[in-house]
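Look at the two complexes coming up: chain A is in both, with chain B in one and chain C in the other.
Let's look at the complex of A and B:
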C-alpha cells in the first residue's frame, strides 16, 4: 500500500501549522519509531510469558516440603514486592552486570548479558513475585476434595497440580492476574533507564534530534495508552470467556 | 464447591516474623560487603566506612523520596475522590468524562506521565508580576500524582459499588436525598473499605518515586549513582545498590504488613 499521500499531508501540516510530526514524513524517524514500538511489544510479550512461568513454578514450590526452599521463595517475593523496580533494574544491570562481565580486548569490559535481557530478567522476576501470590490464592481456592479425588485416581503431586489444580486456579485468579500483567506492561517503560531501545527511548532520541518535544510527548502518550488499552481489552475478553460459571469470590 | 479467592491471606507462621526478612537482607548485604571488602586494594577505605560516609547524603535523598510520595499521595487523593464520585454521577457527560480521564491515566505508564509533566510544565510561572520558579521535584510530584488520582478514582468507584444496594434503598425509604445518602451513609462506609487498598496504593507510589531520578530529580537513586560515580570503585556497586534497596524495603515492608493486618481485620467473616 502506498502511504505517501498521508506522509505528504503530515509534511504539509508541519509547513502550515508547525506541528512537527517527523515520525510520519521522515523515513528515518518513522523506521526507528516503528522499531522502538516493536521492541516495546517484544519486551512486553516476553516479560508477560516469563512472569506467568515464574508465578506458576513459584506457586508450586510454595507447597514444597523443604522449609528452606519455602523460606527462600518467600524472601524473594517480599524483596521484589517491596523495593522499587527501577532500583532493582539498576542493581541487575550495573551491579550484577558488572560482576558478570569479562575483561575484553584493550581492557574494556564486555558484558555477558545485554540490556534487553537484563530488562526481561528483572521485570519477569518483579511481576513474577506478584504472580506467585496471585496463583497461590487461586490454588487455595481449589477445594481439597478435588485434589484428593485426583490423588485417588492415581495422579502424582505434579500431575494433579498440572492437570487438575492449575487449570482451575488459573481461571479463578485470572482477574487479579490480568491486573498485574497490565501493570507489568506499563512498568516495561522503566527499561528506558538502561538504554533498551524501546518506544520511550526512541522517542527521546527523536525529540532530541528534531526538537519536537510536545509533539513526540503526545504521540508517545497516545501510543502507550492505546497499547495498554488493547492489552486491557483482550484481557477483559479473556477473563469473561474463562470465568468459572457460578463462582462468586 | 470452590472456595473464595483471597489475596490478602495472613502469612503462615513459618514465614511471619518481620525480623526474618530484615535478617535475610542484612545477611545478603553483609555477604556483598564481605565479598567487596576482599577486592578492596590496600590503602583504600573499607566498604562499610565508605557507605557510612555517604549515608547522610543518601538519607537526604531518601527524605525527598518520602516527601514526594506524601505530596503526590495528598494531591492524588484530593483529586481522585471527587473524580471517583463523578464516575457514579447521574449526568451522563460527567460520568463518561470522569470515566475517560480515569481510564486514560490508569492506562498510561508512570514514567511517560513523568516525562510529560517534566518536559511540558513550565519551569516558572508569573503570578501577579512575581516570577515563581517551579523546581523539578514539584513537577515530577505532579506527574506521579496523576496515576495516583486515577487509581484513587477507581478505588472510590469500586468501594461505592461494593456497598449493598439495600443501604441505598433503606436510606431512600427514610427520605434521604441522593446527596445525603452519598455523604452520610455510603461514603462513611467506603472509608473503611478503602483504607487497605489506599495504603497499598501509597506503597506502590513510594516504590515508584525513584522514577524521578530518570527525569533528573536529585532523590536517593540519583544520589546513589552520583556517589558511585565519584567513588569510581567497582567493588562498591553491589553493596551500594543493595543498601538503597534495603532502605526502601525497610520503609515499605511494614506498610505492606499493616495493610495485610487491616485487610484481615476488616474481612467479612
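Let's look at the complex of A and C:
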C-alpha cells in the first residue's frame, strides 16, 4: 500500500499550520518512532505474560509447607510492593548490572544483561508481586468445601489447584488483575530511565532533534491511550468468555 | 464371618480442646447400608470425614478394605478411589458443566481414557435422571439436581463405598425425594453406604443398621425396626420423640 499521499498531507499540514509531525513525513523519524512503538509493545507483552506467571506460581507457593520458602516469598512481595519501581529499576541496572559486567575493550565495562532485559525482569517482578496478592485474595475466596470435594475425589493439592482452585480464583481476581495490568503497561515507560529504546525514549530523541515537543506529547498520549485500550478490550473479552452461567464470582 | 469392608475401632478426635469423637466403633459389611443419626454436633459428619481421611484421627483404627486409614504412609488416592463422598452443600465445581463435573476426576486423577469416561458419565447422569442436563452449569440447576450430579460425580470413580453427609439437609421437601430415590437405587444395587441423615423415615426404610450418636459416642444401635420402635436408652428415646 502506498501511504505517500498521507505523508504528503502531513507535510502540507506543517507548512500551513506549523504543526510538525515529522514522524509521518520524515522517513528517518518515522522509522525510529515505529521501532520505539514496537519495543514498547514487546516490553509490555513480555512483562504482562511474565507477571501473570509470577502471580500464579507465587500464589501457589504461599501455601507451601516450608516456612523458609514462605518467608522468602513474603520478603520478595514486601520489597517490590513497598519501593518505587524507578528505584528498583536503577537498583537492578546500576547495582546488579555493574556486578554482572565484565571488563571490555579500552577499560569500558560490558554488561551481560541488556537494559531491555533488566526492564523485563524488574517490571515483571514488580507487577508480579501485586499479582500474587491479587490471586491470593481470589484463592481465599474459593470455598474450602469445594476444595474438600476435590480432595475427596482423589485430587492432590497441585491437581486441585490447577483444575479447580485456579480457574475459580482467576474469575474472582480478574477485575483487580485488569487494574494491575493496565498499570503495568503504563509503568513500562520508566524503562526510559535506563535507555531502553521504547516509545517515550525515542519520542524524546525526536523532539530534541525536531523541536516539536507539544506535537510529540500529543502523539505519546494518543499512542498510550490506544495501547491501554487494547489491553482493556482483551481483558474484558476474556472476562466475558470466562463467565459461567449462574455463577456469581 | 467375612471381614467387614469398613472396621472402625475406638476412634477419638478432638478439635482444639473439644473432643468430637470419644471412642466410636462400628463395622460395615460389604453391601450393607448403615444410617447414622443424632443431634447436630454429635460428631456424625466428622466420623464420615475420618473414613476417607479428610480429617485425621487422634487415636484408634479405621480399616477400609484392608487399608489402615490412620497410617502416616497412607496412599490417599488409593483410599479415595474406594470411598466416594457426597456433601450437604453439593460442592460441585461451578465452572464446569454437569457432564464435566462427573468426568473430571476419572480423567485427571485416574488418567482414564476420555471417551470411555464420557460414555460412563453419560450413563451415570441418566441413572440419576438428569438426561438433557449434561451441558448445564451447576448454577443453572436446582439443589436436588445439583446433589444428584454430585452423586454421579462420586460414582464415576467407581467406589466400593459411598458416604452421604446430610445430603438432603439443604434441600426443600420436594427435591429431597428425588435425591433419596437415587440413593435408594444405589443401595438396592448392593452399594455399601454410610449415610448421615435427619430423614428418619428414610433411615427406617433403607438402613440395615441404625446408629444413634450423641456427644461423640454411639448411644444405641440396632436394626431399624427394633431401633425405632423399641429404643431403650432414654437419650435415644428423647431424640426420637422430638422427631417422629
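FYI, the second predicted complex is superposed on the first by the 240 of 249 C-alpha atoms of A that agree within 3 Å, B and C clash if a C-alpha of one lies under 4 Å from a C-alpha of the other, contacts with A are read in each partner's own complex, and residues count from 1 in each chain.
One rule holds in what follows: a contact is a pair of C-beta atoms (placed from the backbone, for glycine too) under 8 Å apart; a residue touches a chain by one contact, two chains touch by 3 or more.
Because the structure is a prediction, the values reported are computed rather than measured.
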Partner contacting more residues of chain A (chain B vs chain C): B
Chain B versus chain C as contact partner of A:134, first or second or both or neither: first
Touching partner for A:149 - first (chain B), second (chain C), both, neither: second
Chain B versus chain C as contact partner of A:245, first or second or both or neither: second
Residues of chain A at both interfaces, chain B in one complex, chain C in the other: 143, 168, 244, 247
Of all residues in chain B, those that touch chain A in their complex: 1-7, 9, 11, 14-15, 20-21, 24-25, 103-104, 107-113, 115-116, 119-120, 203, 206-211, 213-214, 221, 225, 228, 234, 237-238, 240-242, 244-245, 248-249, 252-253, 256
Of chain C, residues touching chain A in the complex: 52, 54, 76-77, 80-81, 83-85, 87, 89, 91-95, 104-105, 108-110, 136-141, 150, 153-154, 157
Chain A - residues contacting chain B, complex: 67, 70-71, 74-75, 78-79, 81-88, 90-91, 94-96, 98-99, 133-134, 137-138, 140-143, 168, 172-173, 176, 182, 186-190, 192-193, 200, 204, 213-214, 217, 220-221, 224-225, 228-229, 232, 244, 247, 249
Of all residues in chain A, those that touch chain C in their complex: 143, 145-146, 148-156, 159, 163-164, 167-168, 171, 244-248
